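Taking it in order: structure first as structure tokens, then the write-up.
In this document, chain identifiers A, B, C and D correspond to the written order of the chains, with residue numbering beginning at 1 in each.
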Amino acid sequence: MELARILRFRPRPAKVVGIDSSRPQKVVALCRKLLSDGGGVAAARLAADILREYQALDKASQLSFFDLLVREFSPDPNDIGAAADTYRNSPSPENLRKLQRVVEPPRQELFRRLNMAPNGTRALVELRRQVLSELAGRPELEPIAADLGHLLASWFNSGFLTLQRIDWRSPAAILEKLIAYEAVHQIQGWQDLRRRLEADRRCYAFFHSALPDEPLIFIEVALTRGISARVQPLLDPNSTVDDPEAADSAIFYSITNCQQGLRGVPFGSLLIKQVVEDLKSNLPRVKIYATLSPIPGFRKWLNKELAAKESFVVDPEIRKAVALLEEPDPLRDDKWPQDLRDRLISACAFYLMHEKRDNEPLDSVARFHLKNGARLERINWMADTSPAGIAQAAGLMANYVYEPDDLQRNHERYSRSGEVVASGRIERAARRLVHGHRERKQS
Amino acid sequence: MELARILRFRPRPAKVVGIDSSRPQKVVALCRKLLSDGGGVAAARLAADILREYQALDKASQLSFFDLLVREFSPDPNDIGAAADTYRNSPSPENLRKLQRVVEPPRQELFRRLNMAPNGTRALVELRRQVLSELAGRPELEPIAADLGHLLASWFNSGFLTLQRIDWRSPAAILEKLIAYEAVHQIQGWQDLRRRLEADRRCYAFFHSALPDEPLIFIEVALTRGISARVQPLLDPNSTVDDPEAADSAIFYSITNCQQGLRGVPFGSLLIKQVVEDLKSNLPRVKIYATLSPIPGFRKWLNKELAAKESFVVDPEIRKAVALLEEPDPLRDDKWPQDLRDRLISACAFYLMHEKRDNEPLDSVARFHLKNGARLERINWMADTSPAGIAQAAGLMANYVYEPDDLQRNHERYSRSGEVVASGRIERAARRLVHGHRERKQS
Amino acid sequence: MELARILRFRPRPAKVVGIDSSRPQKVVALCRKLLSDGGGVAAARLAADILREYQALDKASQLSFFDLLVREFSPDPNDIGAAADTYRNSPSPENLRKLQRVVEPPRQELFRRLNMAPNGTRALVELRRQVLSELAGRPELEPIAADLGHLLASWFNSGFLTLQRIDWRSPAAILEKLIAYEAVHQIQGWQDLRRRLEADRRCYAFFHSALPDEPLIFIEVALTRGISARVQPLLDPNSTVDDPEAADSAIFYSITNCQQGLRGVPFGSLLIKQVVEDLKSNLPRVKIYATLSPIPGFRKWLNKELAAKESFVVDPEIRKAVALLEEPDPLRDDKWPQDLRDRLISACAFYLMHEKRDNEPLDSVARFHLKNGARLERINWMADTSPAGIAQAAGLMANYVYEPDDLQRNHERYSRSGEVVASGRIERAARRLVHGHRERKQS
Amino acid sequence: MELARILRFRPRPAKVVGIDSSRPQKVVALCRKLLSDGGGVAAARLAADILREYQALDKASQLSFFDLLVREFSPDPNDIGAAADTYRNSPSPENLRKLQRVVEPPRQELFRRLNMAPNGTRALVELRRQVLSELAGRPELEPIAADLGHLLASWFNSGFLTLQRIDWRSPAAILEKLIAYEAVHQIQGWQDLRRRLEADRRCYAFFHSALPDEPLIFIEVALTRGISARVQPLLDPNSTVDDPEAADSAIFYSITNCQQGLRGVPFGSLLIKQVVEDLKSNLPRVKIYATLSPIPGFRKWLNKELAAKESFVVDPEIRKAVALLEEPDPLRDDKWPQDLRDRLISACAFYLMHEKRDNEPLDSVARFHLKNGARLERINWMADTSPAGIAQAAGLMANYVYEPDDLQRNHERYSRSGEVVASGRIERAARRLVHGHRERKQS
């Protein structure tokens, strides 16, 4: 009975102008066959055929195929209406089940069956990536992305992920993906990568059994004495390798989501937590777990404040600081007297602690770590002197500390009331900005 | 917004008489906490706590917890009605998505989050097993079984299964499970198992990465010359080991589903198909893939016919045969002249080919293999002389042949029209019964 | 030039009366061919042929083949004499090398080449086992055993061994060997084995890459509270499983050499040392490493003393004790007043500490542990109540303590002066025997 | 008794002028301690200490340590003389064994015990590499190299090697060693390596369990249609990847011994043989196994002929050819008319087939493949256009064909009589040279 419903596709004619519509239609025909065959012996082969045919489509035909997926594999509103009425009249479990079936798009079952093909999961992740990359121009494809997103979130449930340490003994096929994917601090080839896997570094990734060579997310850690204040020394491929037994701190300096097709499936929070646990049991001398993180929204926010008609953040010093940042050698030491630096750091502390949207910090990285229960510990001057670091955050970076015993409490305070847990130093810096404002106002 | 809905549980008071209702309520409270926390850092620990608390409940409390799962974690009919109306008025993707969310029981998301606990998947499979074992007496628990079944069918999608060969080098922790689970021809301890894993035998199982030591289903294969007609020689732990290189046939003599909690999730068809492929590439001299299968419903059906007021199956010979089967030494050779044997085999052939329900064979094993596209090849006399074999099927067993090139075609004929593909010999045997009937009628 | 020498076998005619000497001769011919071919492409196949031919020989022919190995593949005394003279006249490295080559039997190179066959190492270990089992009757085969022993000791150098933990996840093919080999406390089938691999037990073995499924030696460990005084509770397959986290002691209660063909290659000392290290790092709460060991020579020694014309060990009490041990229910509690027990334990302490041969303890187990640097800690009453335990040692067993920090010092004291390091309690017990003797003498 | 002998080192005073002789002496003292301790519990640690101390020595001290190894750990000539006399008087197995012990240098047992240290095998291979690299200047160290060579040849017996396929999934730690070691056609970084591991290439290496990350020897194979005549296309990192299923030939284009410390231990012949077998079973469509090999000695030999007073190889054409090879653009197509090319190829064919030393071909690569039983198939023009290829062999390369069924027969012909098995084409080319010579002579 269910299959009958799945098969009764709505007969809206496909009118795609200007391209050969026969090939996408052929793929759709195969999809219908796959849905109609109750898991038959040839289902896996059929699924493989469909994916191969789909991959052979040109860009325009793929878009056309997406359109067909939306139009022909969506639930039927009349069926839904009828099932909803039946249920309303008689809210039995059986009628609920019927309604549940009717509201699920046939697409969903199609995707489940496509997964039977060899490398099916990989193909579905890629399919979602493609759909997501088209969404800006074609919002009508959103239901495909949503359906696949729902399915993949269930399949990539954190109970199915395995944490693996990555080192120089890992397969090259995986290592080259780190080079390709690293988004925060680009890896400059194999020598750079090798340095990041030496004895005083750690690298961990989550994997799923269906994508054995594909890291889903990975994190890079430096074992140091004290909390690192600057990222360039950590990234230097020629730096000397320190004794990991002498380290008291583990600095998370990069975390990268690898699979765009899994956007929205959360991995990062669990990854950090499991890595902290692994480090705890393997490196008992390490006592501090902290990040060295970018502050991606700081200058953008600052520029907005500068452009605003009125802003209590802006004063002559801030204007001077921002002007300096646009000079050719923006961070030259002698340009920045201590109070100018402090002024900028105060603004940044204020930005991280108090600039919010929907009760959460405006800064995306702050949002992530604070929600995880970390504490905003320190803002560092000249921490990232790369052009990107200066453009984003005036060279500033933040340390967030993961104190295992405080994580749950901090997380709850954040979740309940949006409270940003920060060190006294940060709180004072943010307060100075407010006081400065008040003083200027009073004077 | 979604969470708000999930959390607004219906306030029906729990009235469980006669047992201490506080402990199940405590587990439910933890479940609500797990659902309310947006995947927080402590979610995995909370999930583990819930599962531990649940497992510590006594039987009565577990049932009480199931009741609460049904009553308090089901969708709200009013929400559903409202969302259905909204969608009817404006059938936009967004409104559809809202309806989809509303019809999904909060239970479902609860189960997904419980999966984050270590061994969570195993616990959920076990939970479903328990619910299924209660269903006969408590049909109201069916929604839990259905929700978990839906989830597990998605998680145990055949794309996530791995076929593994099992032999004497496999971990004892896995082998002891074969001994425990084997349902068709019981394994009598380690020596018996060892014989079933010798050079002239093969054993394969499906595994899922979340249950690494748990076979989901396994199949036992004997490599023989010719299609085996009798199962006892295959099961004899003291039989001599044959040279696998000399075999031309692979006889599937046992297939066992291991996880009751995964009942309804289909594994068998795919398993046989993958095993045939593996044998093909590793043992090129083997040309025939066939089963030696029980006929579980034959005597039950025969007894029904005997009891019926009228049956064209029943005649004096059949009555005599059935009477013989109830004597102390039922299969003693001299009791069974050839035509009496043929008579019984004809009845069995008719039973397998023509006795149907909903256009499918009445016999469950026949249904499985014929749907897979196998051909009913032969019915064997004195094939299973164990008490169970005589009680079920008068000692008869059937061979179903898996001819790789015919599977899809046979499967389609079966699916379209319920056609049973059988060898000429079987067809003739079945026809003899009908002719005999006609002759008797005419005479 | 070297090969020429190897090939010039001495022409003593083979006169083996009464058996068909042609087949061993054929194997020898193949052996010559293998030696003459400078590692040619077919060497591995030729080696495999030889081993197969050899294994197909009947017992008498194998012995005949051994004779040929001794007679025809030994060094030539004339060659040796000549090379020795040359070297004496001119002791250059080159002349030494020539002498070294001449004194090495061609057999040795033959064995090295046989190792090229698949499973060659296994076959050579088995060959040596067979030769060793014949030595009593045929001492002339000793050179084969010695040559193979030299080679295998080099190949099974401890640098090539890997320590593996064995548990219920280990391959059944390995576990069944534990059942077969266990020599100290026999394993009664799979249920008994399973108990010995539970959470409160540990089992470790050494493996060599050339014999992947063959444990070379294994040790069984119980995790307990306090040093175990009795072995039967440890062996009880129905005992409850204790929490390994609560244990403070690791009791080594059985250590078994598996490969008779490797007799004389020492594994035990290193095994214990590595196991102690592994336990230290994985179970930090365990502080005591001790054995519960048999005393295999105690009663044999005691009987000798009883039979001697004069012995200061023997007195009426000892006679009474020995008489009791020969009664039907020898260890019945009420038969043994405390002072009689103490008397027997004193005799045993004296035996272990002071009865020596070549400056080492007479007792083979004591010799092993004391040489390793362990301390003789305690002698336990009713420690092994099995018939064998009573027959060997009146039911007594000893604890030897492995104190990691003392091992080297104890070992050196033992090696230098044969000193037995023992606890104060043992020393006092041994002293009581001597005093008792003096007192009796004086009275 | 044996140990006593081992320890009685000859008392020649060490007079090493100009360096601090105390540190090597300290290492020697530790070595003596290791030898004197009968495999005591601390032996592994002591061995590790010795290796660490040794590695910390500067170059001069290491040489001094080598000297001490020669002088103080060699056999005693007097002991040898005495044992030889005893044996001559009474040639019993026991006296032979004593003589065998006496002629073995104590060094040998020292090396065996050093192997007990973690990574001991690696350290010993490295030690031999260092000694070998000093031999030219210090021939007196040869006994160390010989002793270690004997030991390592026994330990790296081909029965202990495992063949592993290397591909892009192999650990980077292994892959980087291929880049470092490749000696025939250098690997230009990771992209070059990646191309050599694509679907139409194969790479295999031998490993030993004691050096898990160290390939001992590796071979690179290209899957092609037809026997490759030119190496540059095979090496091009940007070439398109062919379908391996379409290939009929496997071309071995590079084979590299990795461990200088294992010089003289033969791996190559067995490697090729096992690789051919693996390819046969995995790629049944491949029918031809052949090399594309350098001819390292060709031009050196040609130059010698040119310089000789008389040579029947040399004629005006050869002189012209050699002159051309020294011009700036030596292989420019229009410079080489067909008969000039043929002339050079004829000379090369003659060189490979008939120029011998001790009845084996002068060319080292020819020697290796012909001894393995391969057939010299073809000499290719412009096969290696790299500067090295032109300098060594005028750009010529040879194909040797490995015909599995002929290997043993060819090998035997070669071994017996030095016969070079070659194709008719090669034989004709070589004959042309001889005929040309005769004609010139006659004219």
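Basically, a contact is a pair of C-beta atoms (placed from the backbone, for glycine too) under 8 Å apart; a residue touches a chain by one contact, two chains touch by 3 or more.
Predicted model, so just to flag it, every value in this text is computed and none were measured.
Centroids of chain C and chain D (each the mean of its C-alpha atoms) stand 41 Å apart.
Centroids built from CA atoms put chain C at 60 Å from chain A.
The geometric centre of chain B is 52 Å away from that of chain C, both derived from CA atoms. Shown here, the protein chains touch around one cycle, each chain meeting exactly two partners. Touching chain pairs in this entry, ordered by label, are A-B, A-D, B-C, C-D. On the side of chain B, the complex with chain C involves touching residues 168-173, 175-176, 189-190, 194, 213. Every residue of chain C that touches chain D in the complex is listed here, in rising order: 37-42, 44, 74-75, 77, 80-81, 84, 87-88, 91, 93, 96-97, 99-100, 103-104, 112, 115-117, 120-121, 140, 142-143, 146, 151, 154-155, 157-160, 162, 209-210, 266, 269-270, 273, 372-373, 407-408, 411-412, 415.
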